[in-house]
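Take this structure, written in structure tokens, and hold onto it; I'll ask about it next.
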């Protein structure tokens, strides 16, 4: 039985706790830490069967029984804590993005390699049943050579302005998943990025220095072209679709819904809206990424989302930001 | 160039005129007759390029230039006019039902055979792209042995009560198409019928001695079971679907719509209602049945909807009516 | 924390154990019994955190700490064990069918009522997201008066012949769920049944005295007509659909699939087959029926699948069998 | 009865002839001209009921009975013939593109205005039922402010290399329709274009100086962003889809198919491929654009695809070509 420590007891830390306790065999959470240990947190931890609740994450790193840690703290601490954890000999699951600075990510990767521990980044959507079904077709050769990859990624509503101000921008907090998806589905590396964007949803987002709507074109090393369209607000729900097109065919996915019911009446033929929230939509993928992480440790296999998978989307996001600012395509080599 | 005469200038007679002039090569309408020749009819005929408009259909039968006639007059005249036409050496396209009395239909078939003319019955839905796609799968062997056939056939609105009183009942004026479809899709003959029905749409239909809602189970000679569900009123439009299920798979069709547009908004994901009216829904099939009829004459091929195809659905309708009245399954041999 | 005992550690007993431990808050399984206690069972129970494993279910009934039992033993023991459990003051969740004999079911219901305990029957499909979405539309009045209910229920493959011989027949082991669904979706009682059936999948099923293909028509007290089509073998997977049609519209459900991926290639546009197995398809409903049961105990609410809901489908199955044998519609009053 | 002359008896000239004779009331074709008058053409014209077949299009322009001409000759003659026709007082329907040189298009527009004749450009897809359904939602305000427009336009197979060499390039012969569609659906003007493209389908296309795969991003005056993805070869058929997304919702269209049949078997759930060829897919739109043209003449209404609608897509194509060549976004003002 593998023993885990979770660093950071916010939303995503608790999501992982719950999916581990429900779905992951062969692992249990021994401790959780958070900079604010409240009574509510203690009670929640008890309910989850977690023995120890610490204020200082170092208590987790110092526990020799703990095999692996999940870094679910605030983004700016991902890199330093990952490094410390690796140095303490813990396997590391790190939430995305690892850091906004490629230099720091590379430092993490060096330390991880030096320590010989497993390192997995939280790009959970790779484990989503729909995106995985696309990937399976690509890998099986059913698409042939990949020519076009399209990702539609639209949130159901804009985040609070306070969050927008500190999030690092839409490309870093939202599109980062889509950048990863383009690489994952294509099996190739992004070499150049062109981003067109605007403030169409809420002017306050623009005042906060960000955009809320974008189309990003990505050139890939294998010649394929990727394109992402983003919006911070799709009034009909969380719109998450993708398509890969190639020499032998195409595969695309629709949104998931709560049921398949279709209602026909005088007004039209009405089916359900997409699942509204990322936790509903992607819950299964959170469990499966954890099962993958545990499996890579127990059976000494490579993780399916490795260090370079943590680095590349950050480089793409940097290039996208630069492209948007300068109104021109930007090569990844310019930001690496 | 084949010359045609149309007997009966009501809705269906005009539908055939228009589809012949637009889509059917190698045939032209030389004359049309109707018991009421109005100025409007004459003007319409001129617009269609039809030379002659007669009050008496015998003028058409007596024209030696006319090769074939379309019997589009009122139902009670279908059989006698078909017989006269055959005796006059004209090929006959007869609207459905040929007659409500099997004895009269058999007489028509004898005369047609004696005269050696072509005889086709107006079961246009056999030529519909959707039902034809099902049939093609069945014939190709993709379904294997047929086990179940389901037909959903619901009108967008109940006919006027005056029509209900003289129509011969729902089984004869509406379900007759579905009875044909069960035979067509299964490639087998109906041997026994059980009908459950009720008056749920409009009590006046019940007062007129008819029903407006039904489920009819049909046993087929090859062991398969067919089931039809009917309603006189589907508020969302004309609902016309079918499914054939067998040892190797199943094939089903959805409704046709005016466009494929899907609108997603806060209320839901809304697509279009089925095409509302039988003329919109089945226009292509009216043209194709006529092309088939002309082809069978010109190339001396059997028609695709022959005399027995005109007889069997009437027998099934009689059995369904008897089943409904007596509350028990009725064998076709009881009504033949 | 409610304490549960599970009687019968076969497939369904273990399904309930797992869904309770994963999804049901406020309840834990204290003991499980089975007529055959193997090492494998003991090990499984340990893994599930179940303290006690008994050979004799009476040990569960005699444990004063246990609040409720799940009767998951063989069908012929459902009724007597349910009676004993009620007399012991335990709340009872009983798998379907309660019994094949209505007299015994009525006896169970009397004892349950006398004891004042909760009683829920395992018609899990009522809790399925798709069927629930239909029910919600009906209850909301979106369908208006219900006119037609269609249930398609086809298994992915025929059960072993040995099972067919003892199952009580297709109507009792498979269609029983569909009989319940007709009542549930319509909100009305079945008054008369007509069953057409045949042996089209496997002649050995016929030799064992059963059928493998059927269409069952059901008349309901409110005038609506229900129709079920069944097959023991749909080569494309587990086909579970339903439709309710009424004066204001219709609602229908499609099958669930593993992903929404659609692959377009030279051969066609290919989407996924229905989920293959009832455990995959209905897992969520097994959890939700258990949550409902626990909730009805803890908050002293009526169960959503009560004693009469256990009785009626058995009466319908008896009528369907009699209809099939005698080739005529059978009123429920004939078998009650 | 309006009298028409058709200049150019190639594929598109004949398509218009057939749709006019079948579907357009109030107009007839009096003459057709082609630089090569063959026996086959004469025979075809006779079959269509066209009285006159000329080698010299001036014979059409000189016929005072002819009210309007359809310019269906080779692209390089569109502008000069349109000018001559306008000067001769004929209303002009001109196939797309009017010319590859904006100066020449502007000259045409000046002459048309001077002559006071109607001028319509052959962007038939505006009249397609699917794209029209999107436009109707936009115009009705159901989408709110438009934020994103996506057009997928993929041909079923690459044209012959000989054609590629003279076509003017993919942007001019294929994407030109999509450029028009972006303007039409958004109701706004394109201000800047970025094109990423490659040769992924057939290296001979690259050798001929063209591309076969592209993603084009378009900035619009109202702030919306458009994106087009193109391929010369989709092995599954002619892929023609669009989506408009905005503040109140989104609307998207799927491909049309020959039937709605869905076949379920062991291999999967298989529906039909998109209609393969543009003539099948867009036949209804060719008829409807002609009805619109005739209507604008007869009732003296503005045409729905006017001179500026002919000019703008050419400017966009020029900008796209320049963007591709120079690897940077290009403003329309740079090529105007």
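Letters are used for the chains, namely A, B, C and D, taken in the order the chains are written, and counting of residues starts over at 1 for each.
Going forward, contacts are C-beta pairs under 8 Å (C-beta built on N, C-alpha and C of every residue); 3 or more make two chains touch, one makes a residue touch a chain.
Computed from a predicted structure; not experimentally measured.
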item	value
Distance-maximising chain from chain B - centres being C-alpha averages	A
More contacts between chains, C-D or A-C	A-C
Gap in Å, rounded to a whole number, between the CA centres of chain D and chain A	42
Rounded Å distance, chain A centre to chain C centre (Cα mean)	40
Chain C and chain D, separation of their C-alpha mean positions in angstrom	58
In chain D, residues with contacts to at least two other chains	234-236, 239, 248-250, 264-266, 272
Residue numbers on chain D that touch chain A, as the complex places them	145, 147-148, 150, 154, 194, 196-198, 200-201, 213-215, 217, 219, 223-225, 227, 229, 231, 233-236, 239, 245, 247-250, 327-329
Contact footprint of chain D on chain B as seen in their complex	22-23, 129-130, 132-134, 137, 142, 248-256, 258-266, 272
Residue ranges of chain B touching chain A (in the complex, touch as defined)	234-237, 239, 257, 264-274
